[in-house]
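Below, each structure is written out as structure tokens.
In the two complexes below, chain A is the common chain; its partner is chain B in one and chain C in the other.
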Partner chain A sequence: MLLILFPFIFMVLLSLSSSWRFPEVFPGYFGFKNWVTLLGSEAGLLQSFIISIVISLSVGIVSTFSGFLISRAVFYHKKKRILTLFAYFPYVLAPVVFGACLSFFFLKMGLFGNVTGVIVAQFLIAFPYALIFFGSFWNKKIKSYEDLVATLGGTSQQTFFKVLFPLAKSMLLICFFQTFLISWFEYGLTSIIGVGKVQTLTIKVFLFIKEANYYYGALSCCLLIFPPVVLLYFNKRYVFKNLI
Partner chain B sequence: MFLEVHNIIKSFNNEHVVRDLNFTLDAHKTLSILGKSGCGKTTMLKIIAGLVKPDSGSISLKSKNITSARPEQRNIVYLYQEDLLFPHLNAFENIAFGLRLKKTRDPQIKEKVNHMIDSLELNGQASKMPTQLSGGQRQRVSFGRAIITNPSLLLLDEPFGSLDAGTRQRMQSLFKKLTKEFDITSLFVTHDLKEAVLMGDEIGFMRAGRLQVYKEKQDFINDPETGVQEEIEYWKGLSSPNPSQGGKL
Partner chain C sequence: MLIGVVPFIAAFIYALGYSFGLLGVLNNGFTTRFWQSVFESGEFLKSFGYSAAIAIISLALSIGGALWVTLKFRRELDKKFLSFMMYLPLAIPGVVAGFFMIQLFSKGGFFARVAFQMGLIEKTSQFPDLVNDSLAFGIIVTFITMLIPFFTLLFLNVYKNERIEELSILAHALGANANQVTRRVFLPIVLKKTWVLIALYFIFLLGAYEVPLILGQESPQMLSVLIIRETRQFDLSKISEGYVVAVIYTIVVSITAILLFLPKQKNVYET
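What follows is the complex of A and B.
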């Protein structure tokens, strides 16, 4: 247990330290100086945190709902196997190669180096995941539910809101968490499409580590793991509890 | 006639599943349809419900052509062998489902559902979730959900197929009671000979996509194709004291 927790505890300690050089046992400074400096200053860590939240929430919400709706269309399509196969395409390539392939189109559409471009690029990774994820939801029984609602007089809108969304509630939440995390930790595509102008928290962490600034790196890592920990808590508290 | 089905044909991948389907049904009557698995019974019901498009032919309900009407516009409820209760709703809300779709007011819903629960002999079960109900209770909730919307026609696709013998018998009696109480017109598909005779005012026999309707039960019993005579002989043989005289025991 201690071995598992040690890296996380050490990361928090590191984020609160400065001037900690070998062979000194304790750091030269221990306190909230790094946090105050970074969150309110030129490093723009708070801004990166907010940009990351906006990007990941957008990617998570849009890819979850579009994945759910389009996976239904794929399930009822005559060529669903081929269409599902296409969904694996983004994962065949490394994100950096995929980003390089897309860069021409992003340049033409004016999506290079802005938040919208990064959201679209990350959506192209997260959406196929959602599509594959929801592939297992649709089956003959769900079709029977849809037919039943139709014969009871329900419109397709009512079918979605009164039956399909409630039935898929847990899966929708899990998919949202997963796509949020895919976006949150995405580095390769973001660095290519964002061209350094869109500095998400993940990009910032890599920058600090490249600069060998471990104290700031640890601090941004703390911020980086904060939303996943919150999501993990909600997952455990509200989703998995209902699945069992 | 209340329901008129004319020359319905349906093929899947060049295989004729339903051929020249022709029959009529009076209001408040039940037509039992007997047939083996894969003879086209389910496809026929789905065509009438509007869930499958026929290749040709026409369907009229209350003298109105509904062949191209969408399922939600037909007021025909299709009941599966599986009860298909919504797992996120309790028994009360499952029964109330169709009324909520029609945006019926809450006091009316409460009154109708409580009356239905009473008719279905489900008192005390209203707040239970589907997983807390027995197979028979689930099937009764499923009936209630269909009947409460006052459908013009009820299509039942082997509704008691998954129930044990005792529950099945009780459900048959309950269904007979409900058809009288709520003036239900229905098509009752089954592969059980006894059930077909018990439940139907008229009986149809479906074979290889063709349906023959017998207006009189005796005609159905006398037709050697239906297998009733064979069944009678079998039971006679069982009750015969001397196995050498046809006894099977």
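What follows is the complex of A and C.
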């Protein structure tokens, strides 16, 4: 238990510290100075936090809904095995390598070095995840429900809003959490497509490591860790159910 | 499907074109010299072997550790609070894990300070190289700390879903000892149920970027770090070689994905 909590406690303590020189085991200063700086936005951390939230929310929402809708089309397709296999290719490829090979196209489309480009790039890796995730939702039982609605005179819109979405509610929520986290934790792809101009929290942590500013680095780490902790609390019991 | 496949194919064709000299500012047309150069220098093979070795060692130790934790502490981990605690490490991304390891294991880090206070070292240089080291100690430890909680939770889930507790009781009743139950019941079921995910994690570790970028050394480098270093460098004549490595890496992971996921698609949606 102590081993699990140690990184969290250490990061919080380091974010509250400064003047912690070798070989001191305890820091010279301990207080909220670094956190106040954050609110003053001197280091641009608050901005990074907001950019990260906007990017991850966008990626999470768009990937979840498009993944849900397109996975249905895949399930009903004759060649669903091959189509599902295709989804695995961008999923297994290291995002940073994917980004390096795609950067030319982003440059040509004017999506290089801006938030939109980063959202599109992250969507390209979050979407296959959502597609694979919803593969387990579609089955004969769901198809029977759809057929029943059609037999009773329901439209396709009614099928989605009155039957499919309510049935898939918890899976939609979990998928949103997972794709949000994929985006929230992403560094490599963001650094390639954002070219340092889109400074999400992961980019900030790297910048602080390079500058050897470990106190701000720890503070960024705290901001990076706590939203996922909250999300994990809400969806922990479903995470592994869908992996096996 | 266009959203998923087209960018992947476009990226692959671009990398392939660049690697054969068909694309790129300084390239004049089809050539295989970049491929020859990559294989002659041996850097790619070294990097591939280095990445594979790190991935295998990290995975083997993580799986071993997680199996041990599952066997020893499964009842304790069933409690609500502890079960949530086990999920907490999943909230730590690679960037943060790498940063944390630097704080712990670097020459000016937490353990170096403790060693100094205990009189084990007198100056920082006496503390062993545990990050950015030749044996990839920092990278492997980081991967292990990230993977053990994940695999423990996965194995605990399989333990419950596959009713291994009941099967173990049955095996005991039929005269099996604890060792036999572990080897003949627990391990085969757990590993058979999770081998695809284990293989998938091998691929993920092979292409890991953030952790080796923070904790790795200059040479050899892990695959993703090498590819990005080569394709982003100022020497434009060398970029094609980076794309050669990217093409080979893409082919390897794609073939692995086909081998892993194509055969088991049969009746996957039939429930």
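Keep in mind that, in the parts below, the second predicted complex is superposed on the first by the 231 of 244 C-alpha atoms of A that agree within 3 Å, B and C clash if a C-alpha of one lies under 4 Å from a C-alpha of the other, contacts with A are read in each partner's own complex, and residues count from 1 in each chain.
The working rule: a contact is a pair of C-beta atoms (placed from the backbone, for glycine too) under 8 Å apart; a residue touches a chain by one contact, two chains touch by 3 or more.
Small disclaimer: the values here were computed from a predicted structure and weren't measured.
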| item | value |
| --- | --- |
| Partner chain(s) touched by A:L57 [first = chain B, second = chain C, both, neither] | neither |
| Chain B versus chain C as contact partner of A:L69, first or second or both or neither | neither |
| Residue contacts with chain A in the superposition, chain B compared against chain C | C |
| First, second, both or neither for A:W138, with chain B first and chain C second | second |
| First (chain B), second (chain C), both or neither touched by A:F185 | second |
| Which of chain B and chain C A:L148 touches, first, second, both or neither | first |
| Chain C-contacting residues of chain A that also contact chain B | 141 |
| Touch list for chain B against partner chain A, complex | 46, 49-51, 70-72, 74-78, 80, 82, 84, 86-88, 97-98, 100-102, 145-146, 149 |
| Sites on chain C touched by chain A in the complex | 1, 3-5, 7-8, 10-12, 14-15, 82-97, 99-100, 102-104, 108, 110, 112-114, 116-117, 124, 149, 153-154, 157-158, 161, 193-194, 197, 200, 203-204, 206-210, 214, 223-224, 227-228, 231-232, 242-243, 246, 249-250, 253-254, 256-258, 260-262, 265-266, 268-271 |
| Touching residues (chain side chain A, partner chain B) in the complex | 141, 144-145, 147-155, 158, 162-163, 166-167, 169 |
| Chain A residues touching chain C - in the complex, by the definition given at the top | 1, 4-5, 7-8, 10-11, 14, 22-25, 66, 70, 74-75, 80-81, 83-98, 100-102, 104-105, 123-124, 127-128, 131, 135-136, 138-141, 184-185, 187-188, 192, 202, 205-206, 209, 214, 217-218, 221, 224-225, 228-229, 231-233, 236, 239-241, 243-244 |
